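You will see chain A twice below: alongside chain B first, and alongside chain C after that.
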Partner chain A sequence: MNLKAIGATALLLASGAALAADGAVADQFKWLTFAVFGAIIGLTMYITWWAAKRVHSTSEFYAAGRSVSGVQNGWAIAGDYLSAASFLGIAGLISLYGYDGFMYSVGFLVAYITVLLVIAEPCRNIGKYTLGDILAFRNDPKKVKTIAALSTITVSTFYLTAQMVGGGVLVKTLIGIDYEVSVIGVGVLMLAYVVFGGMVATTWVQIVKAVLLVTASLLLVMFTWAPYGFSLPAFLQGVVGDAKVQAQVAKLLGDAAANMSAEELGQRLLEPGLFLKNPIDQISLGMALVFGTAGLPHILMRFFTVPSAQEARKSVIWAMAIIGGFYVLTLFLGLGAAIHVGPASIAGLDKGGNMAAPLLAQYLGGGADSVLGNLFLAFVAAVAFATIVAVVAGLVLASASAMAHDIYVGVIRGDRATPEEQVKAARISSVIVGVVAIFIGIAAKGQNVAHLVGLAFAVAASSNLPAVFLTLYWKRCNTQGIVWGMLVGAASAIALVMISPNMTYPQAVTRDARKVLEGEPAAPAKAAVPAVPGDGLLCELFALRDCQKAEPAKPAAPAREAKPGAPEKLARLRDTLPTLTDAVERDKANQEIAKLEKDIAKAREDLAKVAGQTTSMVGLEQPFFLLKNPGIISIPLGFLMVILVSLLTRDRRSEAMWDELYVRQNTGIHAEGATAH
Partner chain B sequence: MQLTDKHREYWQRNLRLTGVLLAIWFVVTFVVIWYAKELNEIVVAGFPLAFYMGAQGALIVYVVVIWVYAHRMNKLDREYGVHEGED
Partner chain C sequence: MTKSEMNWAAIDADPRFQALHRKKTAFLWGLMIFSVAFYFLLPIGAAYYQDLFRVRVWGPMNVGILFALSQFIVAWGIAWIYARRANREFDAMAAEIIRDAHNIR
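Now for the complex of A and B:
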């Protein structure tokens, strides 16, 4: 559940099939959507054409010739960070879950920028183009470049897969073209930016996209807020008093809502606990997000594009202000969507809430039947699309630079390659990574890839961050420590996810599918259960025998009648349908029938998929690791391995280079300067 | 390159600044979330405090933290003569 929030792109896939039939845009307005998409694609292609004339040297390809100003880089970082997941997903979560939606946007997602205080500036001072360059400064270049490249490619591939699948589904949902065509479209566009325009085009596409995104959100917020006289308390009162909001909270709380007044229900949306229920899982995810983003290779690369340390700092301020401002806007977008569109309608189109912002745009423009409403919708959708393509381009550039610069030039050619050869290698690598991404995107059709985003962050946090942080700040840190720390950090993150609730457990799938098909038996009334204290942290993390997990108190529940299975309900509905005379009731019954048919088909499909299996991919009947995100274990483990192995081994070069690093990382003296043009 | 006492002093001041700012960051981020329920007892203008922190307060603190860092570091750079670029 948690991971879905950040992997919102991936969530779109749940709605893909449903929307293809009766999408968000009516057929007679499709041309508008195409026109707006065309205009934005045209603009980015013009940027690429302009950039292509400027990209000749290695530094220009990987680092935009170190000519990007602090302000520009700030916008580009914001662009990299504000992926479709944060734009569509968080507005959606706020519209459905209120306060917990904010916690996503603010508590964790934004906090990482501050971590960049520690990492960004020294990295820019000692690095050249890649993560491998940073680590190679005082360690054995061949070894650390190989391992850094492997880690970069792993992280980027996980993230890329989720983005490709999300992008494919988004385009399919909005303009109704095939999933495969959408994925290829996203891939080809992104390759065009990277191969022809390198970092110059990638940076400018990010800047343009970030400006469009902020502009679009600002406009929507103005329209949403204006009726309340731009007063925050008045707006919040409007939210609390809204019947649709109260209904949503009552639904989320279930039995507990029985004794609450309408006002109390509305107020509850602004309090925590509607979405995130396990604080340890929350902290684990938070750690992965905060530390992971600081270790994401495509974000680190951004700091190589600025000419000086001052500009690097300036770019962090700008990025923080833009992203912070943007998230204040999402508060209005999410709550605005909750009032105007209603949580029920949003979740009806997409369970994860991804359609909240586009639907709000449609409403504010005048509704589903108006030209302006559909123009607004098309604009928001096109910006979301540009967002996915731009983020994917950044990821591909990061993987390609790891392959070309670290592996090919650094390890295979021993740093002896002409600038022409290097740029050629970078372009070829980009094409390879891009084509692989398209294939993976198509192969992953219909898969739930949401957990891959959380995994990408967890690997980056457990492998890249400890290595970078310790090589920058700890004298004893050496090559062996980094190699082992990165291996163990990445491997433990991946292994823990393999045994976590993210994987498919056939017995649970079977149980859920049966519940849909056969219904549930009647349950007697339950007495209230007091809270059970747990046996300690370990029991919260792993499903160990004789180990009690802490359980919160449960209120008494009244007896429940038996629930019939979906096929039974369907038959009953079909029987009553001919007797209905009221057109509204008939419509409702028909919708209900369509929904039941879909549920039954889904349950049967699930049963067929797991037929004959009793254990997950790694042979477990149920999750052994109880959290969805491995961060809380794998991040400390990554740090610990670097420290332990470094203490046990000696590396003269690592120690000898410390003084030089010490001066340079903080002063930037002799750092890669701006290249002469 | 030789490491001078001046460099060491610069580095110490840099570390101290980073440490203080990260401590503020940690409190605003993790401590507030951990105690969200307790903070919600405090009500400002009809709405709970943790709500405001989540919605805007934390963001504003982050921007200020980074601004202070950049401003202090730029000053430190000039003071110790390790300033890059022409501005």
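Now for the complex of A and C:
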């Protein structure tokens, strides 16, 4: 039966391949892409088939029998963490914005220090399969398991939606498979891993994928860096002197670039401030990253797969080495793509820059017209696809364990389910979560989901981390504190995002679309404006009346001529097209026409979407909360609620169990052991 | 080994466990506070000390790039320091408590 299902998945993907339309790969090289995709998918299917034979008990399904070694788990954690968003997204941000993109890499690595120092070993020592198990140790099991399951499913759903949509768009852009088909493909593949192979298959798929990803990146970096004799200053000098990079910086800076030399423009890419404009938002995001990783359910779950706390420690060390090493490579991938492919071409294919790494691969292999170039591209694309499938599998497993183990077995059946019933519940929950994920993925088509990853981290940091941290380390912490802290932490993070600039504000959308269609009027020269100091932190966070937000100094700007709207430009270009005789100029004009047509269609679509609306989903004309990331408020609030409510209430079980919890989390006495194979 | 045999309160009060607890707490808090403080210097510096981050040190390499790279070295350094101390000291202390746990009353 397993083999049949696997065969059906392969068929489905093959039929999806036949629907391919357009993308970064030319038609005559599509077979190459499908061959590489097929090989990698086949490999993961073989792993699933192999794993399916060894998954019988609950411990095997949720925790791979606790027999994964520290090194293996380290690779699997790296696999879980190096999602498409971080691999493609950060390389893209670096290629477009330089230094600011690299700052993201740092936050993702530093996050693991929290995991290593305060979370991994204690959780391994007292936990069983889920976040709920850790919290239920000394608190009322039914109450905290319910709330932990809710939080796990919320965080996983945010993360999962972003991955599904990102994956669908990625595959469509690269090889032209329809969005819906690729979402269903991701969903069905992932379900095959989880349902048949449980944690064993999910872990090994992650390991294989992480090895492939690191190998691919190392190869790309070798080819990029070798011409500079593996010298970092020489490579950066090459970046600074590159005309495409200089043009990108000039475009980003606008008027401010008027008096800068070419060398200064290039150097500016290596300085902060091209992408991240709001320092407090930046710190807020940093807080969500550094404290959120330790609260991500699919990462927490990984520590139950190793046999002991020592192996859990070893796995985090390995994960930090792999993840850190990988993020150093992103500097070369991003900047390499900037000098070889050029920021303009990268942004042309995908505005967020997600195509930087695949395009670099294509260039290094010999370009868009070469077999080797397309083979490289296909390899990187297939690895990115495998990444999405594997990360989604981890998330579905985390959600399914919350549903089946915490809610069904723990709360509904009062821990009296037979082992067979538990495994069955786990498989059924996986299918339910997986099918829901596919529907969400399709429903969210075309939505802006980039902020959902940030929101997942923010909820994990504001809800899960305070609860886990305080129950492990603070004697007075109790059930009521956990329940209220998790509710308020999660709710405040979500509520703040609902009133933040992440949402769609129809008036702003209309304004931007009109600018494209109708052009901009001429503007007189502006004198330099000195910096304005703000009225305090509150004014930086909320759009309050009579409250001055700090504004940076602005340099003088020369007068600007009126800009025509896109339709006007298009008409003019079409008029001049027949008069062009030079083939190169014709090509350029045609490209520009295609871009203008795309812009106009997009602007019209935007206008139609917000027609008749004046306020956002929650009834705001403009954002009330001024930051994109809520962490700076919701994380302290989550901690504060756990502490306050714990101090105000009493819970005999929480007090009575403290000694046992504290001794066990520090020594590992009675920790769940490995099952023998 | 059944759970009822354990006197958790007595183990908690045992001087060897108290010594482990004291050493671990001080060490972990110290590392944690240092690493968080060091990390937040990056976004704060990038936002408020841009002139410093711009200073060129080695060819096009500026203070900002070197500082960002130093974050990787420091993170790996903290992991190494923690692992060394835990492997050499904490594990041995915990092992002794585990060996003796049944006799602590």
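By our rule, the second predicted complex is superposed on the first by the 643 of 677 C-alpha atoms of A that agree within 3 Å, B and C clash if a C-alpha of one lies under 4 Å from a C-alpha of the other, contacts with A are read in each partner's own complex, and residues count from 1 in each chain.
Following the convention adopted for this analysis, a contact is a pair of C-beta atoms (placed from the backbone, for glycine too) under 8 Å apart; a residue touches a chain by one contact, two chains touch by 3 or more.
Predicted model, so just to flag it, every value in this text is computed and none were measured.
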| Clash or fit: chain B and chain C on chain A? | clash
| message | I'd like to know which partner A:Ala234 touches here: chain B for first, chain C for second, both or neither. | response | second
| request: State whether A:Pro307 touches chain B only (first), chain C only (second), both chains, or neither. | output: first
| task | Give one of first, second, both or neither to describe whether A:Val532 is in contact with chain B, with chain C, with both, or with none. | result | neither
| task | List the residues of chain A that touch chain B in one complex and chain C in the other. | result | 99, 102-103, 106-107, 110, 113-114, 117-118, 233, 236-237, 270-273, 279, 282-283, 286, 290, 310, 313-314, 316-317, 320-321, 324, 327-328, 659-660, 662-663, 666-670
| Within the complex, which stretch of chain B touches chain A? | 1-3, 7, 10-11, 14, 18, 21-22, 25, 29-30, 32-34, 36-37, 40, 45-48, 50-51, 54-56, 58-60, 62-63, 65-67, 69-70, 73-74, 77, 80, 82-85, 87
| task | Could you pull out which chain A residues touch chain C in their complex? | result | 99-100, 102-103, 106-107, 109-110, 112-114, 116-118, 232-234, 236-237, 239-240, 267, 270-273, 276, 279, 282-283, 286, 290, 310, 313-314, 316-317, 320-321, 324, 327-328, 659-660, 662-663, 666-670
| field | chain A-touching residues of chain C, taken from the complex the two chains share | value | 1, 3, 6, 8-9, 11-12, 17, 20-21, 24, 28, 31-32, 35-36, 39-40, 42-44, 46-48, 50, 53-54, 56, 58-62, 64-65, 68-69, 71-72, 75-76, 78-80, 82-83, 86-87, 91, 94, 97-98, 101
| For chain A, which residues are in contact with chain B within the complex? | 99, 102-103, 106-108, 110-111, 113-114, 117-118, 121, 233, 236-237, 270-273, 279, 282-283, 286, 290, 307-311, 313-314, 316-317, 320-321, 324-325, 327-328, 331, 659-660, 662-664, 666-671
